[in-house]
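Only one structure is covered here, and it is reproduced in the block below.
Chain nomenclature is as follows: A, B, C and D, assigned in order of appearance, with residue numbering initiated at 1 for each chain independently.
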Amino acid sequence: MSEPTIVRITTDPIDLNALQRAVTTPRDGAVVLFTGTVRGVTGAERTEKLEYEAYTEMAMAKLRQVADEMRAKFALIHGIALVQRVGEMAVGEPTVAVVVSAGHRGDGAFEAARYGIDRLKQIVPVWKKETRPDGSAWVEGDYVPSRGD
Amino acid sequence: MSEPTIVRITTDPIDLNALQRAVTTPRDGAVVLFTGTVRGVTGAERTEKLEYEAYTEMAMAKLRQVADEMRAKFALIHGIALVQRVGEMAVGEPTVAVVVSAGHRGDGAFEAARYGIDRLKQIVPVWKKETRPDGSAWVEGDYVPSRGD
Amino acid sequence: MVIKLFATLKDRAGAGEITVSAEGECTVAELRTRIAAQHPALAELVARSIVAVNREFAFNDDVVRATDEVALFPPVSGGCL
Amino acid sequence: MVIKLFATLKDRAGAGEITVSAEGECTVAELRTRIAAQHPALAELVARSIVAVNREFAFNDDVVRATDEVALFPPVSGGCL
């Protein structure tokens, strides 16, 4: 039976209903969706909006790699969707989605989704520029890839 | 800041986009959504449709209890939605949703969502009738509540 | 005393609720015995069914009063497959 | 050799790509030195930036050819906050 793998870099809003339908096969009884959202308040800091930029060609290749790693580590999962939105996003909007389907809720879909977002944030070349009341700046990550990433 | 708690027994289709928006507060950067779906194929068995029935008044009270338990166990989570759909559902459709928001993906939203669906399946009085090619039958669970459930 | 029925129990009884004659109060264990005696169609299922009183799980030595909301149902199977 | 720039590096250079004179091939380490020399605006950032060659992470002793797709960018910060 086919196991959908969807990877996408897009300026369109993320549609969780459509992603759930797209990854669910007839063998699936459980779907876990993680979505990152634009946080407006972090302690005393206020974020007004975020702008995401991708190195699209490499980001697509690295999203495929993340999906492959998820399948290698979590053998019982079925469908996978990894979607990174780029462009401007407002507070509360989903910026990224990691979606995993499986036959049962204990088949690793929760763990695979967590692994997927952790890995995506390490190796998929996407950056965000944060606009606060006092101006805007690129946010830098802290993961330095090594050979094999 | 307010922390949304949504509990719902409904015949309406489950709208994951609307639930994501409803639970996300300005402090949230991570939302985990679990959805159970009607599995059409289980080994050699074929399911055509499912019909869910609830003892609605008690189910609402028990959904609230599950939400309270989630907050007690996972102190850093913010919004919670627990939605059980009832009535007839076709293969692939979401039957239930457990949605949890938090500031960061490591703040327990994955674990809380997993706990929520496990607990919902133990103590929320909802039953399903499965229709297969050879007829339909109520599915019985195997959890027997004890005092404190 | 009116007892709400769900799932298999409702189908077996052919009704969403049944009435059991019980004056004043009784224990959940006694209630099970009366249901089995007065509604033979449920006799086989009643011992392993769950009793809820006022929307909380109830156990054999709990007391049920005529004014309580009482329900009888199988172990729950909702959520997802 | 054309080098794609992203995020802070693109802003600092004022362009999405720069050209670096390099004949034949060189190592990633040598490439960093040439970028710093030929594009002083990037000198401060180039040592701690990431180099990708043909859409894979590249390291200082890897070899870059003039026909490769080369990119320079900061540690990634996408996904979510």
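Assume a contact is a pair of C-beta atoms (placed from the backbone, for glycine too) under 8 Å apart; a residue touches a chain by one contact, two chains touch by 3 or more.
Predicted model only: the values in this text are computed from it and were never measured.
Chemist: Strictly by the touch rule at the top, which chains does chain B share as contacts with chain C?
Modeler: Expected: A.
Chemist: If you tally contacting C-beta pairs, which pair wins, B-D or A-D?
Modeler: A-D
Chemist: Could you state the distance in Å from the CA-based centre of chain B to that of chain D?
Modeler: Chain centres of chain B and chain D, defined by C-alpha means, are spaced 48 Å apart.
Chemist: As a quick test, compute the distance in whole Å between the mean CA positions of chain A and chain D.
Modeler: 25
Chemist: For chain C and chain D, let me know how many angstrom lie between their CA-based centres, rounded off.
Modeler: Here the centre of chain D sits 73 Å away from the centre of chain C.
Chemist: For chain C, what residues touch not just one other chain but two or more?
Modeler: Residues 80-81.
Chemist: Which positions in chain A touch two or more other chains at once?
Modeler: Chain A, residues with two or more chain partners: 29-30, 35-39, 42, 105, 117.
Chemist: Chain contact graph: line, ring, star, complete or other?
Modeler: other
Chemist: What's the complete list of touching chain pairs for this entry?
Modeler: A-B, A-C, A-D, B-C, B-D
Chemist: Would you pull the chain B residues touching chain D in the complex into a rising list?
Modeler: 29-30, 104-105
Chemist: Which residues of chain A touch chain B in the complex?
Modeler: For this pair, the touching residues of chain A are 1, 15-17, 20-21, 24, 26-42, 91-92, 94, 101, 103, 105, 110, 113-114, 117-118.
Chemist: Would you mind writing out the residues of chain A in touch with chain D in their complex?
Modeler: Touching chain D from chain A are residues 35-39, 42, 47, 50, 52-55, 57-59, 61-62, 84, 95-96, 117, 120-129, 138-147, 149.
Chemist: Which residues of chain D touch chain A once you look at their complex with the stated criterion?
Modeler: My answer: residues 4, 6-8, 11, 50, 52, 55-57, 59, 69, 71, 73-81.
Chemist: Under the definition above, what is the set of chain D residues touching chain B in their complex?
Modeler: On the chain D side, the touching residues are 80-81.
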